[in-house]
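Chains here go by letter, A, B, C and D, matching the order in which they are written, and residues are numbered from 1 within each.
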Amino acid sequence: MIIELPLLILLVVTAGGAIMVKDLISAVFILGSYSFVLALVWASLGAVDVAFVEAVVGAGLATVFFLLTLFGTTEKDTHIRRPPVPWSALLGLPVLGLLLLYGAGDLPAFGDITSAASIYISPEYLENSVEQTRTPNVVTSVLMDYRSFDTFIETIVIFTAGIACALILRKGGS
Amino acid sequence: MTWLAIFLIVLGLFFLVVGSIGMLRLPDVFSRAHALSLTDSLGAILVLAGLAVYEGFNMNFLRILVVLVLIYLLNPVISHATIRAAYRSGLRPTDKESR
Amino acid sequence: MRIFAGFALFVLWLVLSASYNILHMATGAVVASMVVWLSPTGAPHVRRFSWLAALMYVPWLIGRILKSGFHVSRLILDPALPIAPELVRHKTKLSSDGELVVLGNSITLTPGTITVEVAPGELIVHALDVASCEELKSGLFDDRVGRLFSVKGDKK
Amino acid sequence: MNTFFFVVLTIITVLMLVYFYRVVRGPSVFDRVLGLNGISTKAIVLLVLIGTMFERVDMFVDISTGYALLNLVGALAIAKFLEERGASSK
């Protein structure tokens, strides 16, 4: 779809800028603008809920949290010196990117009704979700019933990360 | 109706472009905030008004109007807060301070 | 005033939700009354608010914004960039919170002037050039906002 | 009409790039904040524009309302912090 093209270019530019810039505070702001553009891309793909979460978490919360963290540091810490990029990365990453692009050529078009994902399992979920799970929202039933183990382990990961953060940041620890 | 919408959107685009040029040309934070206020209060609002007119007078018209009023009320607060932070943290415009 | 605020919130809910069955409308009514009930009483100290003046004020402000918008656009597009930014201390008779909010917001919304600091009776305003500065100093805004809150003779 | 909207979308995207330049280069930290505010205003407009192109304005307007409100909260928080930290931070 051609609508996303300008947004995608802007997305690549902002992502590159966030990596290339030398100063961490400007990196935070660039990351904020990156989130805005990413949310626009999600919205233009029709994934409005993801766009909303991206705007809330990426552009709003993350920027404020990053800034809070940076204000706890000194001037010396926020200016980063990057080591020179190794040759292997310079050679290998473009090849990897080209391979990925080559592989992406075989993917079905966005919203293609004859693609495997649309024929094989999605209709079954859509048709049977109400009588099988008694949940009116299909997204919820896919997340919490059909893929419940996946979601369960994701939740475990987040919970573990939360516990680790609490242990590290705890006051008065030895 | 469509022509009115196109006229409003093009007018808004003009102000957006001018705001961006101002963002590049003007010398310090305080003057750049003026360019941003041009963008916010005229460019965005005219484009939104054009879209609302294009939608025609139904529920969506009212909803776009809600967004428009929100921008109208909130964006001055944002630019005022930013500029006040700049002023309080010791930045001064390059030119004189009078009276 | 509080009943009016609740009603305004309910109308906003109706516009945004656009589903008019009994469940959604009841939820909207409950939420609107909850918000009004939870928000602090004793709304900003406003002496009197004239709706007629408010109806007059909005088109006037839009016209004002368009006019100074074209003015500032000419300044920016001029190759010589003839700006003369300066900070102005702007004395005003308006002192209550509501008046100051409307005044400061209008000044910021008008291209060419931005409110920097607000204190009762005094605003620090950054003006982009002499014309915007003169316009501010003529006390036009104070007059208009004063009329909004029906305070007579506030012209400086 | 959709072609016209697409042209508008492209122009606004290019303008976002200009503001992005201000975010990257802006000498003081407040320039970056201003640039971010400009980008977010344009994102709100673009959301409504995309909604109009998809003929689903009702759905997209809700998000841009949320955007506008969250943008206010975020910008106020940033301004509050910067007020304390001061212009020393570049």
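Heads up, the rule we're going with is that contacts are C-beta pairs under 8 Å (C-beta built on N, C-alpha and C of every residue); 3 or more make two chains touch, one makes a residue touch a chain.
This structure is a prediction, so every number in the text was calculated from the model and none was measured.
*Asks:* Could you name all chains that are in contact with chain B and with chain D at the same time?
*Replies:* Intersection of chain B and chain D contact lists gives C.
*Asks:* Compute the distance, rounded to whole Å, between the mean C-alpha positions of chain A and chain D.
*Replies:* Centre separation, chain A to chain D: 19 Å.
*Asks:* When the C-alpha atoms of chain C and chain D are each averaged to a single point, how far apart are the two points in Å?
*Replies:* Roughly 22 Å separates the two chain centres.
*Asks:* Based only on mean CA positions, could you tell me how far chain A sits from chain C in angstrom?
*Replies:* 39
*Asks:* Please work out the Cα centroid separation of chain B and chain C, and write it as a whole number of Å.
*Replies:* From the centre of chain B to the centre of chain C is 15 Å.
*Asks:* Provide the list of chain D residues touching at least two other chains, using ranges where the numbers run on.
*Replies:* Residue numbers touching two or more other chains: 19, 33, 35, 58, 61, 65, 71, 78, 85, 88.
*Asks:* Taking each residue of chain C in turn, which ones touch at least two of the other chains?
*Replies:* Chain C, residues with two or more chain partners: 16, 18.
*Asks:* Chain adjacency by touch: line, ring, star, complete or other shape?
*Replies:* other
*Asks:* Which chains are in touch, pair by pair?
*Replies:* Those chain pairs which touch are A-D, B-C, B-D, C-D.
*Asks:* Under the touch definition given earlier, write down the residues of chain D that touch chain C in their complex.
*Replies:* Per the touch definition, chain D meets chain C at residues 58, 61-62, 65.
*Asks:* Can you list the chain A residues touching chain D in their complex?
*Replies:* 2-3, 6-7, 9-10, 13-14, 17, 21, 23, 25-26, 29-30, 32-33, 36-37, 39-40, 43-44, 46, 48, 51-52, 55-56, 59-60, 63-64, 67-68, 70-71, 75, 78
*Asks:* For chain D, which residues count as touching chain B in their complex?
*Replies:* Its residues touching chain B are 1, 4, 8, 11-12, 15, 18-19, 21-22, 28, 30-31, 33-35, 37-38, 41-42, 44-45, 48-49, 52, 57-58, 61, 64-65, 68-69, 71-72, 75-76, 78-80, 82-83, 85-88.
*Asks:* So in the complex, the part of chain B that touches chain C is made up of which residues?
*Replies:* Contact set of chain B toward chain C: 14-15, 18, 21-22, 25-26, 28, 30-31, 33-35, 37-38, 41-42, 59, 62-63, 66, 72-73, 75-77, 79-80, 83-84, 87-88, 92-99.
*Asks:* Over in the complex, which chain D residues touch chain A? Could you list them?
*Replies:* Residues of chain D touching chain A: 6, 9-10, 13-14, 16-17, 19-20, 23-24, 26, 29, 32-33, 35-36, 39-40, 43, 46-47, 50, 53-54, 59-60, 63, 66-67, 70-71, 73-74, 77-78, 81, 84-85, 88-90.
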